[in-house]
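Both complexes below contain subunit A, partnered by subunit B and then by subunit C.
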Partner chain A sequence: MYDPTVARLTYRALLGRRRALVLGALPLLLIVISVAVRLLTGADDQVAADVLGGFALATMVPIIGVIAGTGAIGPEIDDGSVVYLLSKPLKRPTIIFTKLIVAVAVTMVFSALPTLIAGLILNGNGQQVAVAYTVAALVASIAYSALFLLLGTVSRHAVVFGLVYALVWEALFGSLVSGARTLSVQQWSLAVAHKVVGSNLITSDVGLPAATALLIVVTVAATWYAGQRLRALTLAGEE
Partner chain B sequence: MAVDQPVPTAPAPSGDQSRIHDIGYRGYDGPRLGRAYARRSLYSQSLRGAYGLGRSAKSKVLPMLLFAVMCVPAAIMVAVAVTTKAHDLPVPYSRYAIIMQAVISLFVASQAPQSVSRDLRFKTVPLYFSRPIETADYVLAKFAALASALFILTGGPLIVLFVGSLLAKMGVAHQSEKFGQGLVTVALLSLLFAGIGLVIAAVTPRRGFGIAAVIAVMTISYGAVSTLQAIADSRDNSGSVPWIGLFSPVTLIDGVQSALLGGTSSFPGGVGPSTGEGFVYLIVVLGLIAASYGLLLRRYKKVGL
Partner chain C sequence: MSTLSIDHVSRWFGNVVAVNDITMTIGPGVTGLLGPNGAGKSTLINMMGGFLAPSTGTVTLDGQPVWRNETVYRHIGIVPEREAMYDFLTGREFVVANAELHGLGAKAAQRALATVEMEYAQDRKISTYSKGMRQRVKMASALVHDPSLLLLDEPFNGMDPRQRLQLMELLRAMGDEGRTVLFSSHILEEVEQLARHIEVVVAGRHAASGDFRKIRRLMTDRPHRYLVRSSDDRALAAALIADPSTAGIEVDAVEGGLVVQAVDFGRFTTLLPKVASDQGIRLLTVSPSDESLESVFSYLVAA
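Showing the complex of A and B:
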């Protein structure tokens, strides 16, 4: 199910040249902000939870997920070079699974790791806030990668639709319509974080069993359907 | 060419064996429309392209959807104001665009790369410059086109609000003044967002990457600045709130409109910058617009060759 050559090519496509710079700039900004906040306010559990929840998990993880998830397959389909990959004797689901592993790994390294560092800077992991948000970021990385990898195989405008989901649906509608919050990766991962932290410092609109079930269902279903999409892929010309 | 090097011993073809046949091509002797016409065409083509006109049906979906999303809340506010016979609009004109900043950022992020990245990727930029236009014309046309598209996007809902306020018989003079201030705000916003979006998009030939980079700069900086402002405000450090606001495009425009154009601020605590600080904001905004134009010129001096 895992092909090292495809993985190597995907890593190079994701991290080669200037892409790594943008991917690296966001975590760097998070760490700069946490240093600034720590100097401004001192260690405070509530502030740490606000920064990590409002900036790391709500903004940074989805955007890294969009870049890594769609970037793992989108550009190849876009410029047509995916035919060289598809013409090799590899199962299409294998290609998708390998790309998913790479996207998950990249998202985790560039979002969960900085979240942990930022959490340690902000309040030295008081009340387990840093670990809780890191676990949430790890869980969210898997779901986001699978979801945006699927988007990459479905649409040529995957980046835009991914960002619309992450920014408009989760942030805008999520704050206006409470029903939208039940269907958001962010809330599902917050449910996991709530379990880790064990207090009401981090809250979620979804219960843990439902959140876990939804996370697993979304990840598996998205990966399976992406494999199906790739089996029936038609290459369109440049519009 | 290298393969067809004539062997030194073979006799070179003599001149009288090769001739040029006149097969009847004719030169063009009609009117030449010139540089200004080419610039105007590039402008209108880019402006139409930003809304997907003249492109495939699929590429019309997103810009039209975003335009509708911009206008619908304005229409709802107007409907509510008319039925409840309110004396003023629930949201001031100049603040409307600040509230809808996510939609505007998405529009810039999706349309700025559309406008310039593909020219870079398919290496069509030198073809433009083989026409009578210069680097400055290309940059000016693309900049003006995206700024105009943004002005339509942000000005449209203001017109809805203004017409609605007239229908609801709110004071005409007062509403016109506020409407004018709102238009100045969105004009500044359009220029600033277009400049930032184009500079980022012109660096990369990859469309998807351009989109992500633009949205990262717009949204992440706003998220970061708002978080810092909220923390500074809650720690009774509200003197630093306006200075933090200088670091993201959305809060820059928010500061200008609340300090100089009679709007209300979305800053935490509802206190915007003072008039003096407002001028600093204005200078930074104008400086950023000029800088992005200069950067684009420099970028296309190189790419055009």
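Showing the complex of A and C:
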């Protein structure tokens, strides 16, 4: 199911110089904000939760997920170089699964790790806020990667659609329409964070059982469908 | 030894028919897939390579279906037309990766790089390669698993004459080894130089198949032009025009001979030596003046 060569090619493509800069910019911003907030307000659990919930989980994680998830396959399909993977005696779902693993790993490193560091800077993990948001970021990394990887196999404009989902649906719609909040990776991962922190410092609109089920269903379904998409992928000629 | 069979294959995109009921068999040796731009060559090659499902019909390699069957890639090497190829890797890294994806190692990659004579630049990034170097590294990636079928989509596009010659030699050698080599091109000279066997596709249809000289001869309703030089051109001209197999004769001062238009190829080829011998005229040159692929092609397109 996992091919080390496909993984190596995907890592090299994802962590190429320009993309790595983009991937590194948001985590750096989060750390800078955290240092500034800590210096200005001191250690405060509520402030820490607000920064991590409002910026790290709501904005940074989905954007990193979009870049890593769509970037793991979209550009290859776009420029046609995916033909070098497809013309091998290699099961298409293996290609997808490997790319998912890489996208998840990259998203985790560039979003969950900075979240932990930022949490430690903000309030030294008081009330488990840093750990709770880190766990949420880890969980969200998996679901976002699967969703955006699928998007990369479906659309040439995967990055745009991904950002629209991440920013408009999750952030804007989510705050206006309560139904939208139920169908939001962010809310599902918040349910997990709520469980870790064990208090109402972090809340979610979705219960933990439903959130867990939805996270698993979305991840598995998106990965399966991406594999099907790749099996049926046709390379249009130049004509 | 591999045989690729295309059996009543059609492919349409919406209302546009790109490939229309084509049946052909590609056997060992070099075959040229010829047609003007937009004729459906790439669509056909994509179906041969298993990257596009035929709307109807089947494509099989030695009896095995090509579409949705990853195992056939053990026997197929593909050189795509598109340029993109993991530019951030070096040539060697790229070919090694391709070898690994076939379950092979660095040794197979090195052998393939040697075959295309790219060892000297193998440690440079692909992004720094010229068009011809890219094409050769693509070839190496396609040859790494020693395939019995090689598919090349417009392989000579953008190559300089020296690179073109080099690649032609390589493909010729592959064909002589008993591999099935199919390349597409819209440039007649390329096909003429490399492949005796051609498959012609025009407007999505299979227009002709076989030795291109034979194809030319089969089209008897088209006049054949010959340049004939002899010891007495005018006497020969007078004798030839008396026969219905000849439609017109022109004395060509520039070429220093006769340009004869023959309408009945078979009859003309037996008539000419007979007439010359009867008249006591020595034939110095008899050469078909339009038997280039270009003329075959324009006839087919016009037909």
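Basically, the second predicted complex is superposed on the first by the 235 of 239 C-alpha atoms of A that agree within 3 Å, B and C clash if a C-alpha of one lies under 4 Å from a C-alpha of the other, contacts with A are read in each partner's own complex, and residues count from 1 in each chain.
The rule is short, and it goes like this: a residue touches a chain if its C-beta (ideal position, glycine included) is under 8 Å from a C-beta of that chain, and two chains touch if they have at least 3 such contacts.
Keep in mind it's a predicted model, so treat the numbers as computed, not measured.
Within the superposed three-chain model, A:234 lies in touch with subunit C and out of touch with subunit B [touch as defined at top]. In the superposition on chain A, contact is made by A:171 with subunit B only, not with subunit C. Once the two complexes are laid over each other on the shared chain, residue contacts for A:83 go to subunit C alone; subunit B is not touched.
When the two complexes are overlaid on their common chain A, residue A:26 makes contact with subunit B while staying clear of subunit C.
When the two complexes are overlaid on their common chain A, residue A:92 makes contact with subunit C while staying clear of subunit B. Subunit A is touched at more residues by one of its partners, and among subunit B and subunit C that partner is B.
Contacts of A:8 after superposition: subunit C is touched, whereas subunit B is not reached. Residue contacts after overlaying the shared chain place A:16 against subunit C, while subunit B stays out of touching range. Overlap of the subunit B and subunit C interfaces on subunit A comprises residues 239. Residues 18-19, 22, 25-26, 29, 33, 36-37, 40-41, 47, 50-51, 54-55, 58-60, 63, 66-67, 70-71, 74-75, 78, 156-160, 163-164, 167-168, 171-172, 239 of subunit A are the ones that touch subunit B when the two sit in their complex. Contacts from subunit B toward subunit A in the complex involve residues 55-56, 58-59, 62, 102-103, 105-106, 109-110, 203-204, 206-209, 211-213, 215-216, 219-220, 223-224, 227-228, 230-232, 235, 237.
Note for the complex: subunit A touches subunit C at residues 3-6, 8-9, 12-13, 16, 79-81, 83-92, 231-235, 237-239. Remark: subunit C residues 18, 37-43, 45-46, 49-53, 68, 70-71, 73-74, 76, 78, 80-82, 84-86, 88-89, 97-98, 100-103, 141, 153 touch subunit A in the complex.
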